[in-house]
Structure formats: structure tokens, C-alpha cells
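Below you'll find the structure I mean.
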Amino acid sequence: MSFIGTGTPDPNPGWLSDDELAGIRQRLPLLYVEAVPVRVDGLGQVTEVGVLLRVGSAGTITRTIVSGRVLYGETLRDALFRHLEKDLGPMAFPQLPASPNPFSVAEYFPSPTLSQYVDERQHAVALAYVVPVTGTCDPRQDALEITWMTPAEAASDAVSAEMEGGRGALLRTAIASVGKLP
Amino acid sequence: MSFIGTGTPDPNPGWLSDDELAGIRQRLPLLYVEAVPVRVDGLGQVTEVGVLLRVGSAGTITRTIVSGRVLYGETLRDALFRHLEKDLGPMAFPQLPASPNPFSVAEYFPSPTLSQYVDERQHAVALAYVVPVTGTCDPRQDALEITWMTPAEAASDAVSAEMEGGRGALLRTAIASVGKLP
Amino acid sequence: MSFIGTGTPDPNPGWLSDDELAGIRQRLPLLYVEAVPVRVDGLGQVTEVGVLLRVGSAGTITRTIVSGRVLYGETLRDALFRHLEKDLGPMAFPQLPASPNPFSVAEYFPSPTLSQYVDERQHAVALAYVVPVTGTCDPRQDALEITWMTPAEAASDAVSAEMEGGRGALLRTAIASVGKLP
Amino acid sequence: MSFIGTGTPDPNPGWLSDDELAGIRQRLPLLYVEAVPVRVDGLGQVTEVGVLLRVGSAGTITRTIVSGRVLYGETLRDALFRHLEKDLGPMAFPQLPASPNPFSVAEYFPSPTLSQYVDERQHAVALAYVVPVTGTCDPRQDALEITWMTPAEAASDAVSAEMEGGRGALLRTAIASVGKLP
């Protein structure tokens, strides 16, 4: 079984066999998109933050956000939409932001010396977005559940400690970018 | 007739009489919000930009964007929503951005020496936002019409030349912020 | 003694007497700029965050950031530079950012119901910036001292609890905006 | 002769032979950083924009900005610094921004149907930054010259028409991000 998202199996590994991708992972930074799903009120204000519960490759249960690779020939928006649909189901109705600018750029390295974000498999650079969803989220694949929390809960040390790859800091940065960090 | 928006009469001048406001205008910078209404496609990409046609105080017809003052005790989101509703009607269904950060800050001074933005009446500082609208726009008050254009048209020299107070540059900056400047 | 910054006496209250300013404070939102001074390394990465120790009006010692009002006819950059010099001294050599866009906008209200930021005296809206300083900081006026901390220390609950007006959240948001939130 | 930057030969192709890189280019998006060098005044305001003159692979002379690939194991800041030094020389003294967030993300595809940015060789995604330089620029390698222009000149149609890969739009977006678009 191959994992090319952050613990997310991808049925279409971009015209690369598992062996080829494994080889490239040691030689090139891979481009990712990540998304923090949120609920907003009538004035656009974030009221809830969605955090995914996921069974990791070792059977451990961790929290994460929507995350996945950008394929060859795919725009960032297409990749973002594809991974949101994969992780939240087809009825989430995400509202992708009008601006292509991420709220932050997370650099994942195999070892934690260069960055606070770690991905043992590879060097990955993720453009991260906050995405309001207006529909019903129904996590698919290996995501067990989406938990909706207040921004303050999502930014808490308890939640951060359960997130994989150091993504607690990225989640807090997302909450800061919408002015909701406590 | 009093104008407290940029050419926009405001029925509720924030608990200030016209005389009082006129006096303050010579002594304090006033805080404004401005909004560029846009239409987006299913991937959040801006497809059209809305520009208002307005009859100015001298009877001249100029183009502008949504603009108005922030009142005492009013949040930026409330002010933004109020002015969007005033200029686009109650059925525009604006989607205010999740982030409070403007795409740009425009500084208006009575004379054009300090900034490219000019407001003869006052020193005003405007926080400017791009706001997708999903409903029907029905301009009210003194706005005659909203014209929907492609981003390239809205960024053209012809449109810029018709905009009041130097807002052509602000409109282009809005279009740049969503990655659609030609 | 009058305070028109956040606990900062201002020798030039913008051609307004104290009485006039007191009156306006109940009727108009006032425009502020705030700055978080930082030290950066050769790659622009934030290594230290400067937090001011200040004696508040009640004699209490609190932590704060650089903060002050924008005067009539003054650009945001001029206001930012003036308040940085006032609070950090003339040898701080601040490098104002090339972009006019703040990392966040903080809305201060007299009561804490509308926002997490509180200013008992007034409704103030602050454009907040991260500003690298390259020289020597020598706090003047009522700022007793500037303390340099790692980003993680500055984002800690202990520091947040000591900051006035809810600025702990703003300081954390600043740290998030430079990718240094733990 | 191999070009792995946008027209920039790179002596160290990231532990990949030319053949290997050529193969990967058809199968994965490559991660780039791009930089618009600027001069700023004492208040951080952009006064001049640097545009590179470069001899393209076909011998044609085009204008471009600093651009190059991010290597495996390299941080974005290290890549940015390396390419700035390569294109502007060792005495440019670039001041990398404190925030890791790009002013825009440019998506280059071999054909112009998906984006306004084109790179015939590959699918590349570039994080683009505005970088003040304080020293002396002495372009090396295949960059013939750096031309300093006012923001208005750099944003002109004449300059845009000479830029490779559609980067005129990116240059204008950079100028918009610092509030200097005319």
C-alpha cells in the first residue's frame, strides 16, 4: 500500500509507479497542498475548525488536516478541490479562496533539524489554505471522522500534541490568519 | 446633502451632526472599508469583477467600488456588510472573507502629494477587501448600476481613467491579489 | 496626564486638545498602528521578538508592543516610524516592510463582547506590523525596558497573561505570520 | 547545455543527471522560488524595481526576474538566497522577508491553457517574493544586466511585453503587493 498524502493513500500516483515515486522522494522536494476546513457565520467569521482523525500507517490514531500531493499538469485549485473531496466527501461544498496565496508555507523534512514540520518519507513543501465548507462532511478512505471545534479548542496544546508531523503549529497558524487565535 | 462615503450619502452619520463631522474631517484620519465585488467559479477563481457606476456630487458619472465609513462601536465586518448591502442591495449575498486582513490599505489625502489616492474632503484610510457575491446585485441609492467585467477589462487603462479618487490603482491591486492581473 | 497611545503619552495630540480628543473618542473609531519589533538572521528568519515592559496608568507593570495613533495628514509609514522611534529610541534602525498590508487588524472596543482586544478609553482599530530592527533599542518615555525573547517564549501563556488589552493574542498572531508559532 | 532555472543554468542539478531531470520534468511539478529585487527608502517604501536582462536559449534577449529550483533538502530561504546570489552577485545584500508567505504563487505549464504563465520545459510552481537589496548588484552567469526602474515603468506594457513566460503579470503583481501599482 502506498501513501503519498500525509498518511493518505492515493489511487492515482501521477503516472509514477510506487518504486519510481520512492526514488524521486529522495531527490526532489514534492509539492503539496493542505487545507484547514472551517465553518463561518453570516459575516465570514470562523466559528468552528475541522480536524480529521486518521488511522496512521502503524495503526496509531492521530489528528491531521486535509493534505495531498499536486500531480503533474494539475493546478493548485484542482489539487485542493480533489483532496478536499477525497477527505471530506462529495457533499462538503468547499469554498476555495479567491486568492492563490496560502496563509502559510510548511516545509516538511525527514529530520526535524531544518523545520518544525517533519515527514519521515520525504522533503515536501505544502501550500496551506483555510477553506470554509458549507455542506455536510463525510470523511472517506482512511479518515475516520472530522471533529468540529471552536478555534480556541483547535489551538490548544492538547489538540496540537495529537497532530502528526508537527501540524499543530500549522493549525494554530491557520487560526491566527483568520484572527481567531486566543 | 452630506456625503460621508466616497460619494455615498449615509443616512446615519454615526451620532455626529454634519457640522461636527465636517470639523473632525480636518483633524483626524477617518477609517473606511472598501470592497471589490467579484463572481467566482466552482474552484474559487475570480471570473468577473463588479464596478459601480455612480453620479458624483457635481453630476458627473464616475466608476467606483463599494466604500464607506466605519462607525463608532461597529466591527469592520459589520461595516463591510452594511456598505455592501447599501450599494449592492439585500440580495447580493456577499461572502465576507474569513481573514480580517485587507488585500491592501489605501490612504486618501486631500492633496495628491502623499499618496496616489485622493479625497478632497478628508484624510481617510481604507481597508480594502475582495468579496465574492453569489446573489443578485441591485444597486441602490446613488449607484446607478453595477457593471460586471472580466478581470482584464477591469484592470484596463480605460476603466482606471473613469474611476474616482485614483481607485483604478486599487482595483488593479485587488485583481493582482487574486492572481488575475494580465 | 493623558494617554493616547496604548499607555503612551503623546506630546502632539494631532491639533486636538485633551477635551476634544476625549469627546471624539466616544464617537469615532480611532486609527492606530502597532508594531512587533523582531531580530532576524541573515536569511530573514525571526530569531527574537521584542516585548516592551511598561508602567500602566495605575502603576501596574504590563507588557505591550509598539503602539500609537495615526495623526491627521500623516501616512501610515510615518506614524509607524514615529512610534517605533518614540518607543525604541533613535538608534533602533527599524526596517519597515515593503508591503503596506498588516499581518493582522486588531479591533479594540471598550467592552470585551465584540472582540478579544479591549481598550477602556475608546474604539480603536490598529493595523499591526512585524518590523525587524537592526540597531540598538533604548526605550524612552514610559517604556521601562525591551525584553528580547525567542518566538516560543513570546508566544507562551505566561507572556500572554502579562500583556495589556489582550495583545497576547496579537503577539502570537505576529509570530504565526512569520512562521514561528510553536 | 541544461537549463533548470527559467533560462538559468544550474551547476548543481540536485543530485540528478540531466537525463533523469528531463524525465522527471514530464511527470512531477517542480518547485521554484522567484524574487523581484527592489530598492526601498528609509520608510520601507519601494522606490525602484530591478529587472534582469537575459540571453535566452535561442539567443534572444528577454527580461526576467530572479528564479530557480528548490533542491532536495534545501529550505525555501536557502534556495532564495542562493538564486539571489547567483543572479545578483555576492554583494547585493538581499533582505529576505520575515514572513515565509509569497506575494503570489505562479503556476507554469507547458501550454498556456491552464495559466497565464508558460514554461515549455515543464510544470513548475513558483513561490514569488519581493526582496529589498541594499548592496551592489553585479549580475553573473547569463544575466547580462540588471535594470532599475520606477515601479510605474516596471509595470508598463512595454516592459511586460519583453518578459519571458508571462512574468510581466507576476512583476505587476509584485508591484501591487507593495502598494505601488499605478
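Which chain is which? They are A, B, C and D, in the order written, and residues in each are numbered from 1.
Note that in this section a contact is a pair of C-beta atoms (placed from the backbone, for glycine too) under 8 Å apart; a residue touches a chain by one contact, two chains touch by 3 or more.
Here the structure is a predicted model, which means the values were calculated and not measured.
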Chain hops separating chain D from chain C, counting only touching neighbours: 1
Chains contacting each of chain B and chain C, listed by label: A, D
Separation of mean Cα positions, chain D and chain B [Å, integer]: 33
Intercentroid distance (Cα basis), chain D paired with chain A, Å: 28
Chain A and chain B, separation of their C-alpha mean positions in angstrom: 35
Where chain C touches two or more other chains at once, by residue number: 75, 100-101, 103-105, 177, 179
Arrangement of touching chains [line / ring / star / complete / other]: complete
Chain D - residues contacting chain A, complex: 14-16, 20, 24, 26-31, 70-76, 100-105, 107, 109, 114-115, 123, 125, 127
Contact set on chain B toward chain A in their complex: 38, 40, 43-46, 75, 77-78, 81, 95-101, 103, 130, 132, 177-179
Contacting residues of chain C [partner chain A, same complex]: 104-105, 116, 169, 172-173, 176-177, 179, 181-182
